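Chains here go by letter, A, B, C and D, matching the order in which they are written, and residues are numbered from 1 within each.
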Amino acid sequence: MISSKSSFSFLWRNDKILGRVLWASACLSTALLILIAMFLVKESWPVLTSIGITRFITDAGWYPLEKLFGLAPMLGATVIVSTLAVLIAAPLGIASAIFCSFIAPRRIAQAYRSLIALLAGIPSVAYGLWGLTVLVPLIGQFQPPGASLLAASLILSLMILPTIALTTDAAISTVPKSYLQGATALGLTREATIIKVILPAARASIGAGILLAAARALGETMAVLMVAGNVVQFPTSLFDPMRTLTANMALEMAYATGDHRASLFVSGLMLTAIVMALATLAWRLSGGRVHG
Amino acid sequence: MAEMAITRKNNSARDLGLMLVVWSATAIIIAAFTWIIGDFIIHGFERLSWSFLTTSPSNAGRSGGIAPILVSTLLILLIAITVALPIGVATAAFLSEFTRVGGRVRQITTLSLDILAGVPSIVFGLFGNAFFCIWLGLGFSILSGGLTLACMVLPILIRTTQAGLSSVPDEWRRGASALGLSRGAALTHILLPAATPAIAAGLMLGIGRAAAETAALIFTSGYVDRMPSSLDDSGRALAVHIYDLTMNVAGGDANAYASALVLISLLILINSVAVTLTNRYGSQRITAS
Amino acid sequence: MKLEFVSYDECKRADSNIRQLAQPTHEVALAAKGITITYSGARALRDVTLSIARNEITALIGPSGCGKTSFLSSLNRMTDLIPGCKVTGHVYHDGINIHEPKTDVQELRCHIGMIFQKPNPFPLSIRRNLEMPLKEHGLTNAAQRYERIEHALTEVGLWSEVKDRLDQPALALSGGQQQRLCIARALALEPSILLMDEPCSALDPISSAVVEDLIIRLREKYTVVVVTHNLGQAKRIADSVALFWFQDGCGYLVEHTPTDAIFNAAQNAITKAYISGARG
Amino acid sequence: MITMNVLRALGILMAGMSFANLATSAADDTKQPTLAGKLTITGSSTVAPLVAEIGKRFEQLHPGVRIDVQTGGSSRGIADARSGLADIGMASRDLKSDETDIKGHVIARDGIGMIVNAANPVQSLTDAHIIDIYLGKVTNWKDVGGSDMAISVVNKAEGRSTLELFAQHYKLKNSDIKASVIIGDNQQGIKTVSGNPGAIGYVSIGTAEFEAGQGTPIKLLPLGTVAATVENVQNASFPLSRSLTLVTKDEAKDLPKAFIDFARSKDVHDLVKEQFFVPLAE
C-alpha cells in the first residue's frame, strides 16, 4: 500500500484543515453583511437615539439643516419608482424571453440574446447621461420639468430589463421538454402552451429573477439621481419629480456633517432593510433554493 | 431552444395577439438600445482616438485623454478580483462541497449572500469609506476602492461558482471518493477545473458590475486624475470620470461621451466574454453527461 | 454505532456461523454483520450478515430497490456521502470494523476500490486519470507511477489500445473503454477488494462481454463483489450468489450460496421463483 | 483565465509605466531643491477642478510634491481642515464671522447668476419676482412678463454652499422653497435649464457664460440692474458672489503656505479663467 502520510499531500488529505479554511472564508463573506449592517447602525446611532426612529417617518419634510428629518416621502418614492420600473420591465423582459425561446429562428435568437447581454453592459452613468440629455428634455416638452417619476422609472426599467429577460430565458429553458410535447400532443395552441403551460412551470425562477431586478432598481443611485428631479415629495402623478433614498445619500453625503450625515445613514439602513425583506421573500418563494 | 420551437400552425386571434405583443416588445427593446448606443456613438465617436486613450486629461478633463483613468480603473478592478476571487471560490466550495443541501449553514449563508448582493452600491461606498479609508487608514486610494468593489462583487462570484460546482456531475464526486481522494483533492483536480468556465463567467459579470460602478468609488478611490504611482494613490475610475465631466465640468460633455463610449465598449467586451464562456460551459455540460 | 476494536480472530469467530455458507477453504476478505441501513429514518435494508470470501467473485442479485447497492456502498463506507443515510452493524476487513469512526476512510477506499454503473472517468487525460490519485496518495516517484499506470492498464487490457494516446481526454474513449479505465484507476491503487455496482449495465453487449471477461480474470488477484441484475451474468462469473429481496419496502438477504447451488438446486421458494423468472 | 492574465499583465505594465513616469520626473528635480511632500486637499466640488489644475502645475514646478484633491462639499472641506484629515480644505464661500478658529485664503471669486432657457422671452426679473417664483407664489411665466408657460424651479440640494448663498441673499428658508427639480452639481443645473424652456435656476456665472457661448440654450439674467458678467464679479459690483477659499487650520507654513501663495499668484490666473472663475483683482 502506498504510504498515505506523504508530506506533499497531507494538507489535502486532511479535509478538516481545508474545511476550516473554507469555512473561515464563508464566515468572512457572511460577516461582511453583519459588518455593513453594524456600521450603518453605528453611523446612524446618534440621530436614532437623539431624535428617534418615528420622526423619520412623521416629520413634515426633509430639511435636516432645519431639523426636519422626514424620510417617508423618499421611502414611498423609492418603492413607487422601483415598482413602476418592474411593471414596465417585467412584461417586456418576459415577452423578449418568449421571443428568444419560441418565436425567433435560432440565429436571430442568438443575435438577440447577445444584444440583451450588451444592454446589460451599459453602465448606469451612461443611462443617466442619456436620460439627462435626451429623455428628460423630451418628457419636459409635454409636461415640464421633465425630470420626473416617469423618467426615472423608464431609465430604471431599461437598466433592469436585461436581468429579467436573461433570467426568464434561463427559466424557460429549464422547463422539461416533455411539458411542451405533452401540450402539443393535447393540441394546445402555441399561445396557450406558452401562457398556460410554460410560464406557470417556470414561475418560481421568473419570480426570483424579477425580485433580483427589483433589488437592483431599489439600489440604483446615479442614474436615478440624474433624471428624477430629486424633489422630496410623494409623487402624485407620473410627471412629478421625486427623490429616492439612494439619490438622497449620493446628493448630500459629501456635504453633510453631524446629525445631517447620521440621518443620511438612516436612509441607507432603511434601504438595506427593504432589500433584506425582498431577498428573504425571494428565498421563501423559491423554497430556499434560489441558486443551485 | 430552436428545437423547442413549435411548428404547428395556428391562426387563432389570441395567438396573433401574443405574437403582436412579443414582436412589439422586441421592437421596443431594440429601438431603445439603438437609440442609446447611437446617441453615444454620435456624440463620442469623433473624440475617440488612440491619443485619447494614451494621454492624460487636462483642463479638468475637458481636453486631453483618459490614460491615467484607464490605469486607475484597471488597477481597482485588479485588486477587486485578486481579493474577491479566492474568498469567493473558497466560500462557494465550502457551501457546495462541505454543507448539506437544505442544511441550516447553507441556507443562512446563501440568504445572507443574497441580501449582500442586493445591498445598494452607495451603501458599499459609504461602508468602504468608513471601514477601509478611515478605520483601516487606507485613505482615498486605489486599494480602498478595490477592496470596496471586492466586497460588492463577492456575492456574484460566490453565486456563479456555486452554480458551476453544483452542475458538476455527482459521478465525479463519487468516483473521487471511491478512489480514497480527499474532498480537497477532488476540488482542486476535478470539481474546480470542471467549474472553471462558470467561475470565469462569474468573474466577468463581477468585473462588468465593478467597472460600471460610480457610487461606491466616489467615496473610496476618490477623484485624483493623475497617473497613479502606487496603490496608496487616489485614482479616478472611468465611471466616476464620466459622472464628474457630466455633472461638474462645463464643456466636459464631449469627453464624457467619448469616455462613456470607451467604458461601454470595455463592458460589452467583458460581457461577451462572459456570455461566450457561459454558452461554452452549457454545451460542455451536455457533452460531459 | 458502537465503538469497539475487534481482532481479526474475534471477527472470524463472530462470523463462524456465516462462514459455513461460503466456501470453507477460503479466507474471509470482508465480513458484514448485522448491517441495517436507514435513509432519513426509513429503513432500506435490515440486518444483513454476509461474508465475502477472498479471491472469489460474489454476486449480489435481486430486484430493484432491495438494497443491493446500498449494501455494496456500506462495504467501503461510500454510504457516508449520502445525506441522511445511517448504517448500523459492522463490516470487518483485516480485523478492523471499518464502520468505526476512527477508520481512515481514504486509506480504506484504496484497499476496497469501487466501480460504478456508469463509467465515470474524470474530465482529464487518460494518464492524469490514473496518475492524479496516485500522486494524491503520496506516490511521488514519477517512474514508479508510470510503472503502476502501465501495469494497471495492461491488467484491464487497455494498454495496447491507449498507450499512444495517454494524454488525450479520457472522455473521448468508448463506453467500454471508459469503464475499463475506471477499473484500471482503482487497480492502480493496488486494492485487495473491488466493489462493482452493475459495471456492465450501461455498456453495449460487446463491451459488456469484454468487461465480464476482465472481471473473471481479476479473481486471481482480487476479491470481487458485484451487483448485477443480469442473472446470466451472475451465473457466468460468480462463485457465490447472494439474493436480496424486499418486504414492506425494506430489503433483506434471502440467502447466500455457491452459484451452482442457487441455479441448479435452489431450496428457498423466493429464490426458485426469482431464478425461474416468475418473480422479480 | 487568459483574460485575467492579460489584465494582470496590463496592470503591471501600466503600473510600470507610471513608475517610469515618476522616475523621469524625479530626475528633473534639479532647479527647485527644497519643496517635497504630499498635500491632501478636500472640499467643495466647485473649487476642486481649479485646485486640481493648480496642483498639477505646482507639481510640475516642484517635482517632489504630490497634491491629492478630493471632492466633497465646502462644509466637508472646512471640517476636514479643522480635524487635520486634510492639509487644506476647499470652500466655495467666504468664511463666516464665527469661524475664527480656521484661516481662509481666497484664491478666486465666483458669481452666482440666475439662468433661464434661451427660448424664454423674459429679459430680467426683479428680486421680488425671484422670491415669489422660488416660494411658489408665481408659477407661470406670464405673471412675470413672459409667455404662458409653467415655471420649473431648479434648486440645489441641501448642504451645498451655492444654495446657502442664494437663500441668504434672498432671505429665503430652504424649507419654504417650492422646487420642481433639485440638482447636485453645477452642470446638472445647466443641463436641466437648457433642456426645459420653462426652467429657472442659479449657477456659477463663468460656466454659464461659457456654455451660452458654446451654443447651449441658456441665458443669464441680470440681477437688478447689474448684468451677470465675469467683469462685474471681478469689480465687485455683482451682489450675488462668493469667494473660492482655501482653508487651513492654523497659519499656513511650509508646503501648504507655498501652495496657497502659488494659488493666489498671477501665475495661475489663466487656470482660474479656464475653469470659468474670476481671478483676484490685481
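The definition used in the following text is that a residue touches a chain if its C-beta (ideal position, glycine included) is under 8 Å from a C-beta of that chain, and two chains touch if they have at least 3 such contacts.
Because the structure is predicted, anything quoted here is derived from the model rather than measured.
In this assembly, D is the chain whose CA centroid lies farthest from the centroid of chain C.
A comparison of C-alpha centroids places B closest to the centre of the full protein.
With centres defined as mean CA coordinates, chain D is found 34 Å away from chain B. Averaged C-alpha coordinates give centres for chain A and chain C that are 52 Å from one another.
The geometric centre of chain C is 80 Å away from that of chain D, both derived from CA atoms. If you average the Cα atoms of chain A and of chain D, the two centres end up 34 Å apart.
Multi-chain contact residues of chain C (touching two or more other chains) are listed as 106-107, 110, 136-137, 189. Those residues of chain D in touch with two or more other chains are numbered 45, 71, 184, 188, 191.
Those residues of chain B in touch with two or more other chains are numbered 182, 185, 218, 246-247. For chain D in complex with chain A, the touching residues are 45, 71-76, 79, 149-150, 152, 154, 157-160, 173-175, 179-184, 188, 191-192, 194-199. Residues 76, 78, 81, 83, 105-110, 113-116, 118, 120-124, 132-133, 136-137, 171, 182, 185-186, 189 of chain C are the ones touching chain B in the complex. Residue ranges on chain A touching chain B, taken from their complex, read 9, 11-15, 18-19, 21-23, 25-26, 28-30, 32-33, 35-36, 39-40, 43, 91-92, 95-96, 98-103, 105-106, 109, 112-130, 132-134, 158, 161, 165, 172-173, 177, 180, 184, 189-195, 212, 215-216, 218-222, 226, 246, 249-250, 253-254, 265, 268, 271-272, 275-276, 278-280, 282-283, 288, 290-292. Touching chain D in their complex are the following residues of chain A: 61-66, 68, 132-133, 136-137, 140, 144-147, 225-226, 229-232, 241, 243, 250-252, 254-257, 260. The touching residues of chain D, when paired with chain B in their complex, are 1, 3-4, 7-8, 10-11, 14-15, 17-19, 21-22, 40, 45, 48-50, 52-53, 56, 68-71, 184-188, 190-191, 204, 206-208, 210-211, 214, 274-276.
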